[in-house]
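Common to both upcoming complexes is subunit A, partnered first by subunit B, then by subunit C.
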Partner chain A sequence: MLDKGKISGLQMAMLLYPAIMATFFLTLPSSTAYYARNDMWMAGILSAFFGVLVIYIATKLHELFPGETIIQQSEHIIGVLPGKVIGILFFFYSIHVAGLITRMYAEFVTGQFFFKTPLLLIIALMVLLASIAVRGGIEVMARCAVIFTPIFIFPLLLLLLLFPDLELHNIFPVLSRGILPVLQATALPQAWVSELFFISFFLPSLNSPAKGRKWGNITLAAVLLSIIYVNLITLFLLGPDAANKTYPILVTFRYISVNGIFENLESLLLAMWIFGNFIKICVFLYVAVVSFTQILRLSDYRPVVFPMGILAIVLSFWGIPDASVLGEYIRYVGPFEIPAVMLLIPLMLLLIALMRRSGTAKK
Partner chain B sequence: MNLVLFSFVTLAGLLILRLEWTKMKAKKTRDKSAFFTLLLIVWLLSILDLSNAPGPLTFFEAIFRPFRGWLEK
Partner chain C sequence: MKMRRPFRYNSKASAAQQVPDASQPQDAANHQSMVLDRDLQQNINQIRTIYAKSSDMVYRSFYIEGQTKAILIYIDGLSDSAGIEKNVITPLMHEITGEATAISQLAERKISAAQAIPFTTFEECVSYLANGLPVLIQDQEATGLAFGLNKWEKRSIEEPAAESGIRGPREGFTETLRINTSLIRRIVKSPLLKMETMKIGGYTQTNVVIAYIEGLAEENLVEEVTTRLKRIRIDGILESGYIEELIEDMPFSPFPQLMSTERPDVACANLLEGRVAILVEGTPFVLIAPITLFSLLQSPEDYYQRFWVSTAMRWLRYLFTLISLLLPSLYVAILTFHQEMVPGALLISMAASREAVPFPAFVEALMMEVTFEALREAGVRLPKQIGSAVSIVGALVIGQAAVQAGLVSAPMVIVVAITGISSFMIPRYIAGIAIRLLRFPLIFLAGSLGLLGIMMGVIAIVIHLCSLRSFGVPYLSSASTSKMREMKDMLIRAPWWMMDTRPHLTGDYNEYRQASNQKPGPERSE
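The block that comes next holds the complex of A and B.
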């Protein structure tokens, strides 16, 4: 591994939790409510299957090839040249998603809060910050995550202040339109949960790799609970109308008012969203940089961090004229694109590795 | 061409070159060429009218178009 830094399992979980939830949970209730209406809370439960599978694949591959990321593993499994192709795909995909995330983040911030600030400024400042953290190494990122992830999670608890306004009967009738809309609603959560495969890039840096699966599953459980919790609160407050809002969570936060003292808590949401996105962009940038360095077998990853950051900025503008294009892309392409890279390719690699292993054992 | 983005990328690229050059000199040719190629690609991309140019999004959209029907109501 290029980075000699070591992180603990808890630190890895704290890195991965915002890496999945940050961009996701603001728009999550609208996309699940769009399909499943009042059954939207079930969407999180069904995506557990994908999460468990992805973590199993990543940790099993790491057991077979300890101390290696998926980039090096694929070269050992299917040969150098095809392995490089898969590595390039991973690199291309992670930097492409890093661009998408920064754009989503900037669209939210400029669209809801900083109306007159140029998009480029918000993107550039965030990417600069993330690049500095990534350049500092995985330990710096992990320590940032330990500080920021609790700040990222805490505002979610404030939603409990809405308790007197919740209408629990919104949940009925359960499954009145059959299971198909729920399956459609699962498309997006399962895709995001598949991003847990990035655990593959952190396992080599763990101080006790054997605990990787345990902490991966803990992260998955935390993510699923948050998805169900956020969906339920939105459903109880807004009902199936959540589908009509771009950022339903923002609406629920605006709704919070305790005795006329605690109000306008959406500014807190903005702060938390920035912390979460910082970690998320760090993780994706780190994965892109590590894949790039390992594909080309460079001696150090630090010099390419800043150029990679600029590439992420350029990609956040490439082919995205406005937010609606981005929204449509995430709704219709994301649910297939993410699992194809994060689930299908690693699954095939694992099957090939296991078959080759049993083949040599027989001889 | 997005002039703001282009000038931003040019300035940032020059700044990165200036800051990294002292450390890059000691590195292997492979590291140097990867570093410069990456900067060059980014700079060339920033010359295009990026927002309206077909890019990675168009690519992935074309690949996954057949599945889109599953999610349309």
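The block that comes next holds the complex of A and C.
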């Protein structure tokens, strides 16, 4: 591994949780409500299957090829050249998604809080900070995550202040339109949960790699609980109408008011969103940088970080004219693109690896 | 085409080898390695040349038992002249025993000074003289004797001014190295307490002591501290601050990476946790390495008071540390960009008080913060007699008058006052200053980007703190670790019967500090 730093299982979980949830909180309720209406809370439960699967694939591959990321593993499994192709695919995917996330973050910040601030400034500042953290190495990222992730999670608990306004009967009738809409609604959560495959890039840095699967599953459980929690609160407060809001969570935060003093908490959401996205962009940038250096077998990844950051800035503008295109991309392309890279390719690699292994064992 | 000469990476290294060490006195080489001669006159001449034009040198020549010529040399004011007379000159001159007068026997039979150290080179001779030890050289002997009769004016042990507390020992370190080492030795009596001495500074030849407890401090930590100290090439060390800046890990960081303390109990507590103390001659400030951010936020009193009180105080301190870093910038950001965050009634009263103020909140905050820093700095330098006058004028000017004149709003004065007080809640003055300095870039960020700017600033500070290390120990190690046990001394101050383990610094360590299961209670038997 290029990075000599070691992180613990909890630190990995702290890195991965915002890496999945940061962009997800805002769009999740509206997109699930769009299909499943008042059954939206079930969407998260079904995606557990995909999460368990990708974690199993990543950890199994790491058991077969310890100390390696998917980039090096694929070269061992299907040969150098085809392996490099898959590596390049991972690299392009991660840097492309890093750009997308940065854009989503910037669209939210400019769309809701800073109407006149140029997008480029907000994007560039964030990518600069993320690049500095990535350049500091995985230990620095992990320590930042331990500090920021609790701050990222804390505002969610404030949603409980809405308790008097929640209308629990919004949940009924359960499954009135059959299971199909729920399955459709699962499309997006399952894609996001597939991003847990990124533990492949962190397993080599774990101080006890054997615990990787355990902590992966803990992260998955935390993610699923958050998805269900957020979906339920939105459902109880807004009803199936959540589908018509761009950022339903923002609406719920605006709704919080205790005694007329404790109100207008959307700035807290902004803070949480910034911290969460910082970790998320760090993780994606780190993955992009590591895959790039491993494809080219460079001895050090630090010189690549800042150029990669500039690439992420470029990709956050390239082909995305405005927020609605971005939203459509996430809603319609995301559910297929993410699992294709994160689930299907690794699954295929694992099957080939297992077959080859059993083949050599017979000989 | 003319090619540019490639950059030579080794140019600096080779230059350093050729040029003599700039921190060393140029004539040092002349007498350094010379050995004492058997001829007394030649030795005297040599010392007179070394100490030419020094009016404070005393050369006292006499005959031992009326036979052998000898000379006693010392620096006036550094040595105990009554002691020299009583313990050295009187027995040598007047007690005629007729026994052999070889230098080795003199020390054993005649001289009643507590310390008598033989030496053979001029280098040793000069260093003894400089430290106030009188030196005896005798005819027909190539060995001299130095006596432990140094004595000079020193400050007595007082209560440290910058680190006062309600409960705890009141002794403070002084400027004298020996007193400081004795203060530590008095607390930690085990012979495992080691004190290694080295001299730093070409001209000042300052004695520096590395103190640690063998078996608790890691060997490679002690080794690392020693190598970094040995690397120093400087003309003089006047205060431990010199050393601090020359051995720290990240020289451009605003945060202190070594702790300085004036209190022996703090130094010993740190020694017991496996850290290393660096004592420097001529300053009461002892350096401690490695440290974390949270050790700067802990007061020694935390460990002497009841743990409930200490835990509460610790949290109060954390809260006000954050306030001293963030409050002015949050105020600026909210007033400039996020008025909706303020509850309606409060917003109206704040708007009313700001109505007459001509400046934007950003300028107002900057103005007031700079004024406050100026008052604080002036307060440090002012003679005590004028201090109270200035504080009254300052309070009136930046408080009442400025508000009435419509220069600043009343809420701003409150914000600045709270921020100012809260930064003094940080027990380590130097850490408080670092945080106060970071407040200014944050105000700039808040004035230009609002809450987003503050978040960016906070993220930048946290990245910096996460990458900062003090002698290999991560600066935030107790906060960003995943071990709950390490957090026990950060989130709470656990009662002593629960603090079974030492903090984990790096690598292997002596884990347990006390017997476990010591929770007291009436039902406890022997």
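To be clear about the criterion, the second predicted complex is superposed on the first by the 363 of 363 C-alpha atoms of A that agree within 3 Å, B and C clash if a C-alpha of one lies under 4 Å from a C-alpha of the other, contacts with A are read in each partner's own complex, and residues count from 1 in each chain.
In this section, a residue touches a chain if its C-beta (ideal position, glycine included) is under 8 Å from a C-beta of that chain, and two chains touch if they have at least 3 such contacts.
Quick caveat, the model's predicted, so the values are computed rather than measured.
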Query: If you stack the two complexes on chain A, which partner ends up touching A:79: first (subunit B), second (subunit C), both, or neither?
result: neither
Query raised in the report: Of the two partner chains, subunit B (first) and subunit C (second), which one does A:66 touch, if any: first, second, both, or neither?
Result: neither
Query = Thinking of the overlay built on chain A, is A:184 touched by subunit B (first), by subunit C (second), by both, or by neither?
reply = first
(message) One more residue to check, A:8. First (subunit B), second (subunit C), both or neither?
(response) second
- Is A:111 in contact with subunit B, with subunit C, with both, or with neither (first, second, both, neither)? neither
On subunit A, the footprints of subunit B and subunit C overlap at residues none
Residue set of subunit C touching subunit A in the complex reads 337-338, 340-341, 343-344, 449-452, 455-456, 459-460, 462-463, 466-467, 474, 476, 479-482
Subunit A residues touching subunit C in their complex are 8-11, 109, 113-114, 117, 122, 125-126, 129, 132-133, 136-137, 139-140, 142-144, 146-148, 260-261, 263-264, 267, 270-271, 274-275, 278
Listed in rising order, the residues of subunit A that touch subunit B in the complex are 34-35, 92, 96, 99, 118, 120, 124, 184, 187, 292, 296-300, 303-304, 306-308, 310-311, 313-315, 317-321, 325, 329, 331-333, 335-337, 340
Listed in rising order, subunit B residues that touch subunit A in their complex are 2, 4-5, 8-9, 12-13, 16, 19-20, 23-24, 27-28, 30-31, 34-35, 38-39, 41-42, 45-46, 50-58, 60-61, 63-64, 67-68, 70-73
